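Lettered A, B, C and D in written order, each chain numbered from 1.
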């Protein structure tokens, strides 16, 4: 109907005018979405709370795993290698040997326990004061306590390191405290597996929750969608408010998750301090960090948007009046 | 309008007839709810999946905590008390002492390590073969390794036990390996706190999810509620289908949670075996147990019913056409 | 049977939909309410069905003051009043059968009695063949007739109908009104809001006329109709 | 402008709502469609608004075969057709203003133009004072008029109306029809489904008559009306 005065109205508008109207609709939809959330505060809070909880759990788990890594790094002290030296080496030779061991790339620190010091220790620990003082000479050897670097803390690597030191001519015997390390790593593997299961479940849950909420909302706004389509609205026009809506939910859920993680960390602080105190290491729980917070919020928005998209895509056609 | 033929219809029915109609409505509503879930399989699955995940996490956490308790009981072996006896006691005296220690109510087992055995052990572990063979006599004492009963495993109780044995005249020194125990207990405290936080969050989540779903469903069925009320339906009549609906959701969520816990346990089996292997203890993961499964299903139903109730109570009045 | 005493209704928006309205409908009477769009006809019927409460004045139904009914008593009262709504208010996800059966289910009628009575009610409005259809599969006039079947199925002593023939052709409108007359003849008090002056005149029933929430004196109302 | 060629519509339920219907409405014509409840009037208009697709036959609008429109083109086509629905289809949570503005928002009309045009459209149907109200705060007749304002606001070249006066009193009905006539006089093609034979006769417009999905010859149809 090209020449008709009344009908050509819409298409005669300039491209610029139409684009600015388009942008205005985007802007309005964005804030309409926010307003709509505000109009039913309790309902909105319920949905946001569920999303927030679902986001907080994997985020919190991530923080814990990161902290556990830091913690196990702090426990590297346990992965010591003790080099029992041959008897009768002079203090100078021992110091020289300690320096050369210290130069190895896998070694973080070397502590020298001289034969005299070893005897004192032994006496203190065994309580054999009388017996040992009967001995004319000190039967105990000097010991080098080697602290491997982080890269050599894993049982296999530490073992390798120990073997190479065992080959040194001045070294009589090598002992390594790997038992505790193995235990720790087994516990961490267990936790890690658990956290993975939980994280996968909860990621699914977030998409389902947002999708579900948006789906039910679409049902609720079925009339609106239907009427808009009957009046000539395109699919994109109809979809837009739902996508913004989902994104707002996701963002709000992300913020709540952040707060929950902070609370969770505060609550975990006590037991962690206690645990760390037992190992005498310097360690305090680290939080999400700026990038973690940004990731959490962005993740919330993306998941919310995604859930909406899935729900809308599935239901837009179903509502099609044709 | 007592005497009128047409109007008295409803109230003239006998009580028995009305009660059986009432029961029939209950029965029908129950199965209508199930049918309705089946009519939208995907939507139903989404809601049930979210509820199932939310129920599975605290249930799984409970199973893990229970297992950890069992595991730490299996690790009691670590809480040994070593009694270093005075030098020069005869084997008979040592055996006698061992028997009297074994008689103590706090003692589960006593292992005797004679002086000779101790020397062999020491030689093997220290590598001081040559040195010690120089000694004319064995400088090492006999040792009684005491395994406390479960009741005496806690650090404080074990300490007390150790002290009482330290007072025996034949005992020279007492040593106790409580370090590891303290570590384990700190880790368990940490896990316990974490599980508690997660469980509280998820219990809230379940009620919110069911409440939210039912709330949106009520919105969706607003017309139905309104029309029913206009036709003279009581609140209870209107509420009934939603309550059954919520209960069905909860039950289905509970069943799904059960399945998820089973899968989770299967996945955790590997790392747990590895960990347990390190401690040489006999232990295998135990599941929910019959009462746990029943509790899970009942909990699901109750939470679903509760969520519905909350949502319906809040919204029934709002829909009131008056 | 139905008495309005100086009833006013002011909605939250500020509209005075009814302003001091008084009238009486005797037991077993059939009364029409007419008036232009927005005159307050639906408001009057909503007050009777307890969908709205009056701002002032009293409504007495069957000797009972509606203002004195407690919340718990409302469902029972509503079962005594069959209402045909202007917008049908059918349940879109339920079949025609289920829609018509709803008042019986709510009223606790034994299940084995229901199919027979639903069949009879649908027969009355000529829609027995649409029993299994969903409301959206019906034309608007058919929906209106389903609403009528639902309102009469529990044989309530009072029947109120809001524009029951707005979407029906003249012949069907006449038939529906004749149906109301038959129900009225077996003793049901009937109140119908309608614009259809021709039809009302043809039926020869008593009517009251509203304008802006007030009663228009019969002489004036009659005059207005003659002009259309 | 509008041509139906042997159009049939059989719904999933098995009803043949239209059976081989053919007719033409010229550009700039005003045509009424009458017929009893269930005759297929709404179905005819739904086919025109692309709410339903014909089972057989072709519909040509403005030289374009509707069967050839792709999904993407449907929204643009719909903006060329103003529809007044039998059940209003107003958005219940939006104000009257927002409801009437919706076609402009969808059509991408600049925001500053909207209030003026909404005002003008509401003025046409006499509801400017209800601009801020929600649909449920209106009487049914007022809702119907809001639907009319929404349909005409974007000045579509084709206007189709399904029973636009079913809930209006005779005077208002006449005014609304006169409004359609004025729109028709500025070149809009108007198609109206209505039961109101008196009104159609009074307006003196051309009409076609349906019965069970078929065209009734004008002589017979005229005879039928005379009887009411």
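The working rule: a contact is a pair of C-beta atoms (placed from the backbone, for glycine too) under 8 Å apart; a residue touches a chain by one contact, two chains touch by 3 or more.
These numbers come from a predicted model, not from an experiment.
Colleague: Touching both chain C and chain D: give me those chains, sorted by label.
Modeller: Intersection of chain C and chain D contact lists gives nothing.
Colleague: By mean C-alpha coordinates, which chain is most distant from chain A?
Modeller: C
Colleague: If you average the Cα atoms of chain A and of chain B to get two centres, how far apart are those centres in Å?
Modeller: The computed centroid separation for chain A versus chain B comes out at 25 Å.
Colleague: Taking the mean of the C-alpha atoms as each chain's centre, how many Å separate chain B from chain D?
Modeller: It comes to 65 Å between the two C-alpha centres.
Colleague: Quick check: how many Å separate the C-alpha centres of chain B and chain C?
Modeller: 60
Colleague: Examine which chains touch each other and state the graph shape they make (line, ring, star, complete, other).
Modeller: Topology of touching chains reads as a ring, each chain with two neighbours.
Colleague: What's the complete list of touching chain pairs for this entry?
Modeller: A-B, A-D, B-C, C-D
Colleague: For the complex, which residues does chain C have touching chain D?
Modeller: These residues of chain C touch chain D: 11, 13, 15, 34-39, 41-42, 86-87, 133, 137-142, 144-145, 163, 166-172, 174, 195, 197-198, 228.
Colleague: Within the complex, which stretch of chain B touches chain C?
Modeller: Result: residues 1, 4-7, 9-10, 13, 17-18, 20-22, 24-25, 223-224, 226-234, 237, 321-322 of chain B touch chain C.
Colleague: Of all residues in chain C, which touch chain B in the complex?
Modeller: Within the complex, chain C contacts chain B at residues 49-53, 62, 74-80, 83, 85, 89-93, 102-103, 105-111, 150, 154-157, 186-188.
Colleague: Which bits of chain A are touching chain B when the two form their complex?
Modeller: 42-43, 46-47, 49-50, 53-54, 56-57, 60, 64, 84, 87, 127-128, 131-132, 134-135, 139-140, 172-173, 179, 182-183, 186-187, 189-190, 193-194, 197-198, 201-202, 204-205, 208-209, 211-213, 215-217, 219-220, 260, 264, 267-268, 270-272, 274-275, 278-279
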